[in-house]
Amino acid sequence: MSAIYFSVGPQHAGSGHFRMKITLQGDIILNAEPDPGFVHRSVEKIAETREYLQNVPLIERQCLSDVSSVTLAYAMGIEELLGIEVPPRAQYIRVIMCELSRIMSHLYWLAIFGIFLGHSTMFMWPFGDRDIFITETAEKIAGARVSYSYIIPGGVRYDLPDGIKEHTLKTLDYFQGRLKEYDAIFFSNPIFKRRTKGVGVLSRPDAIRMGVTGPTLRGSGVRGDIRKDEPYAAYDELDFEIPVFSEGDAYSRSLVRFREMEISSSIIRQAFENLPEGDFKVKTRKKVPEGEVFSRVEAARGELACYIISDGTRKPYRVKMSTPSFRNLPGFSLMKGSMLADLPTIWMSLDYWPLDADR
Amino acid sequence: MLAVANAFVGRLRSVVEKIVNVNPIRYIVNWGKLYSLWPVHLTTACCSVEFGAANCPRFDVGRMGVAQFFGSLRQCDLIVIEGTVTKKMAKRVKKIYSQMASPRYVIAMGACAISGGLFYNSYNIVKGVDKILPVDVYVPGCPPRPEALAHAVLLLQDKIRKGRVNITDGE
Amino acid sequence: MNEAQIIDELRDKFGERIGTPERLRQHRIVVTVEKENLLDIAKFVKDTYDLNYAISVSGIDYPEQNKFVVVYHLCTMSEEGHLPLVLTLKVPVNRQTPRTPSLISIWKSVEWHERETWELFGIEFEGHPKLERLLLHEDWDEEFPNQFPLRKDFLLEDE
Amino acid sequence: MIPLIYYLIVALILFGIGIYGLSVKRNAMRLLFSIEMLMNGANLNILAFARYLYVPGIQGQPIILFSITIAAVEAAVALAIVIVVSRTCETVDFHELKRLKG
Amino acid sequence: MQISYLSTAEIVFILIAAVTLIAAIIALEAKEIVYGAVSLGVMFLGIAGLYILLDANYLAMFQISVYIGAVVVLILFTIMIVPREIWLRRAFRITPEVIAGILASLMLIGSIGFLYLLTPAWSLTPSEAPFDWSVRRIAQSIVIEYGIALQILALVLFAGLMGALTLAKVEEKEEETK
Amino acid sequence: MNIINIILDFLNLENFISNIPNADVQELLTIVFVFLRSDLFFKILFFPGIFTILIFVAELMWLELKFLAKVQLRVGPQYAGRIGGILQPIADFIKLLFKESIVPEKASKVLFLLIPIMLVTLAATTLTVIPLSETDVISNLDVGLLFTFAILAMFPVIALLAGWASNSKYPFIGGIRALFQQVSYEVPLWLSALGVVILAESLNFTSIIKAQSTFWFILLLPLGAFIFLVAIIAELERLPFDIPEAESEIVSGWMAEYSGLNFGLIMLSLYIKLYFGAALFTALFLGGWLGPSILPPAFWFLTKTVIVVSIIILLRGVLPRFRLADLLQIGWRRLLILSMVNIFLAITVKLVLF
């Protein structure tokens, strides 16, 4: 049978603003080449033309499903350049927002993963639960549904509203019950296991060599997590574990994310328990002293690094975002040799989010 | 032979169009159209997050017939431009629009799709999707709330309800 | 091994060839190398400090100094996670003839990053297997011939 | 009622078409078509006789059932050969195959 | 003059027979091999229709399910997985070969048709003897009267399938070595 | 006696005919009217025939949307039709009717346009042998079961042809997948039905259902029922076996290029098939129309069918899609062996009970 060449996306029920060039022989993918760039909006270039604070809403647009971590990396960089200490209350609020953001991002991933495998209920449920997080907590804290611009250089924009702790804990209680249902309907489903186990295996040396990051890395047995390795915000005062699975297949990658949702819930609980009183932000200057800084955080999709160069003016000289999705791009080579039906599985198990990669 | 057939079909079409536009029939046809808007699977940028949320249990635009997951773009009749259209995507958007069967409707969702929004001075985007497609409803916001999208669907339905029925075979 | 030791060791080993290694803060070292010495030094730091994990490759444009700088951020990924040290490798490149050796033979993961830097800055990486359009649209060359968007002389509309 | 000769003539013509295909066509698939036609013509013939000259106790149908089954197996084998030949010789034209033999 | 109308059964018969024969010709002469396969399927359906007219319902269903459900499926499958260029599309041209083929088949038809004229076959109508063509009777007949044939058939089936599988296997190995 | 007769009596057309001078035309029209007055015509057009099935199938579509929405904690269609969006399928159909039907330029046009018609015809043909009650059956064929299988065997061929005729890559892959799927489930489907045939000693649906008057066959052959359900879901190309039309992999498979009315016809045929598959299961294993005689038999039949349909829809809500390779493995390695066991069980039951 001769090879068929076709491209998956950008209009494809199993894609979005992204294209794969596939060469197919029989049911086997001979070659799969990702073609990103459909949402390249030149965030890095525009960031050079705007002031430091104006860049916060701009930069968070590059990853709208995980805004807090992106803005946190940027804010941490500027704080380091300015040489200011963020008050502990703000640090804890940042942790809360980042973990909420992580849960929401993973729920978003779960929804898309579900529908990619043909499980329409698994598309609806996580999206519904994500909305509960949005409306019950995130919107109450930050005042917007998805684009908060809440974490700014120097702290956070507002203090927590009254009664948010009870609200959030109630939501988390509900969510924990839901996670069990997800497990029952999706993760323990034999068909799901059949479709993901042994699919797209990424060995540990390969994972490091390719430079993949985040849950993709942890699914291959590497305990790489910036929250533990280089603690930022208030992570060094909280007690949590990093889920690691060593099989390196799509199943272990998805289990990592699934376990992370539970762990994030417990981190939020601890953060609310230990939440100190005090200021929630400090004054900053508009002019940032000359210098360069490389700050990194653990976003939902992996290690997100922000490299800022300042020339002492009100605008950054260069902002480089090294985003996890872009770094997971080499992972698409896992598709070579797998079946066509495994394409969505491998794709989504990498949690590739084109906006994040293209910037 | 073909010309005769074409002329015959053309005349038939105009007759059918006349019949269809008589009021009660027109109402029924438009009623069918407005409650069955199947969107294309096209996400152009970050508003897809809120478009997904609009489909989810809390908002559920499926109530208005905007059914999720209905096959390929040949069968779809609503194209929701979810956010920024980059120049690379613009070509594909145009192509996708031309591949759809008429009647087809366009909702421009988000500030970026309307005018370029936050990225108005970027080198790689199209400033407003109306430069390449005829837009029926604009939904402002960055990103718009799902309620806004639901409202846009209602507006579109209103527009369809009042519209004439065209039996065309495309441009 | 702390930062000062690494700096000393690098200076001992390479002397003049390595500029002045600089300690930004804890766990952050900046090393500037000329592109002629890049492959040697890259191999050395990879083998000696086990910097097996390239985080990012970025380009910076300094039109006043008539140079680009290609920046490699490198760190160590062990089984137990990242080590906190991040070594920044800066390679100045002439602005008129922007060519520099590709490090793809040392870190495979820089492939996509270098391709991106090539596209947005026009810096050619010698030895890179596939320098093709990545993020920009296909008609870029017709719309902006010989222009690279992240260079400082490429102006956005309202500048 | 329809006379027996009608069925016989249809079967005969079908058989003739099959013979024509076998003698003229070069494409392996068309040859297979021709063989199927021959079999079907023969089956029709048998069944027509079985129905019109019915003697209790003697059945035409089992024979046709067997024949159909054999035809299916034969088709499976023939198609497997066609696939193999098309892969190895890049053609399904039997005349060309002859040429390639030497 | 008395015009003899055709009976309903005859009309149906002629329609089905015409469809069958035309489909058979198209199957051989269609340019595109897929159309050929489709019209072969139509021909099988037509034969099944004739079986129904002959009161052999079970056989007709068997014909449809085996020929269309298996043979046509296999043929189409083969056509699909073999690259398109291999199915040479030759327009119908009258060559000496073709004329010879047509003559040969016409001679066959003519000679056997002449033999039919010599027999009383052409005037026969269906036998009036009470006949039992139910599935039960066929089954009994197969098992009791044709038991040995059935077993041999099973062996043939097995051998045929094994042969087909072996061919497929060989081909897989070849691919591996490539 | 039935509606048509009442209407015809009311119109009093017989008088009209008798006034026609030409005897031949009179004769012809009389034949037509006799046919119109006959029971068969009523059956084809109204009761178990087209009209009932269309309404039933439309409501099956609605049921699917609504039921699935309930599983997913949504509302589902709400505004089209006042009561719970009950007219949603009709709105869909009206829209498809007035939508442009694109024929791709490279497609084989004749075949491409024929396929929807062939699909609907075949799907409707299967319905003629399904008895809603002892009398409500269009054609009480003695080899009814075999007939349905013969028709069912043709659907994948048509899917393959649709994929080929579209001359496009995704439909082509979808067509090939449909064929593979048929190869893997067809044998278990036949063999599991064979168990029923052994018990009922007939291929006729009416006698099969009558044979279940003491025990429904699902009680005697639970294994066979399970295999049959799995195989029939594969036949219907519904989740978890909707491999030939997997949206996230190959857009919508073999029907990706169809639009407008053509697509509407395909949808219609698929839903008729859904009804038919459920009806087949009901007839073979759930005792067909058998039930307490308080309500008419057809009611029992349709109720059971709706229950089976609901199960099939529920599976769509809770299961992801199989891979093709998995399906082949299940079909040949598991279901085939199980159906052999099932035949053995059927023979045992037959020897013990009857």
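Every chain is named by a letter (A, B, C, D, E and F) in the order it is written, and numbering of its residues begins at 1.
Quick note on the criterion: a residue touches a chain if its C-beta (ideal position, glycine included) is under 8 Å from a C-beta of that chain, and two chains touch if they have at least 3 such contacts.
It should be emphasised that the depicted structure is a prediction, and the values quoted were computed from it without experimental measurement.
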Separation of chain B from chain F in touching-chain steps, minimised, is 1
Joint neighbours of chain D and chain C, given as chain labels: none
Tell me, please, which two chains come out on top when C-beta pairs in contact are counted per chain pair. D-E
Just how far, in Å, is the C-alpha centre of chain E from the one of chain A? 62
Cα centroid separation between chain A and chain B, in whole Å? 31
Two or more partner chains touched - positions in chain F: 72-74, 170, 172, 247, 251-252
Quick check on chain B: which residues sit in contact with 2+ other chains? 56-57, 69, 71-72, 86, 88, 121-124
Check each residue of chain C and list the ones that touch at least two other chains. 135-137, 149, 154, 156, 158-159
Complex contacts: residues of chain F adjacent to chain B: 65, 69, 72-80, 85, 87-88, 90-102, 170, 245, 247, 251-252, 255-260, 263
Within their complex, state which residues of chain A touch chain C. 36-37, 40, 42, 44-46, 49, 80, 204, 208-212, 217, 221-226, 228-230, 242, 291-294, 296, 303, 305, 307, 309, 317-318, 320, 322, 326-327, 329-330, 358
In their shared complex, at which residues does chain B touch chain A? 40-46, 48-50, 52-53, 55-59, 68-69, 71-73, 84, 86, 88-89, 92, 96, 118-119, 121-125, 142-143, 145
Which residues of chain A touch chain B once you look at their complex with the stated criterion? 10-13, 15-17, 37-43, 45-46, 49, 57-58, 61, 64-65, 108, 111, 115, 120, 123-125, 127-128, 130-132, 134-135, 145-147, 355
Over in the complex, which chain C residues touch chain B? Could you list them? 135-139, 143-144, 149, 154, 156-159
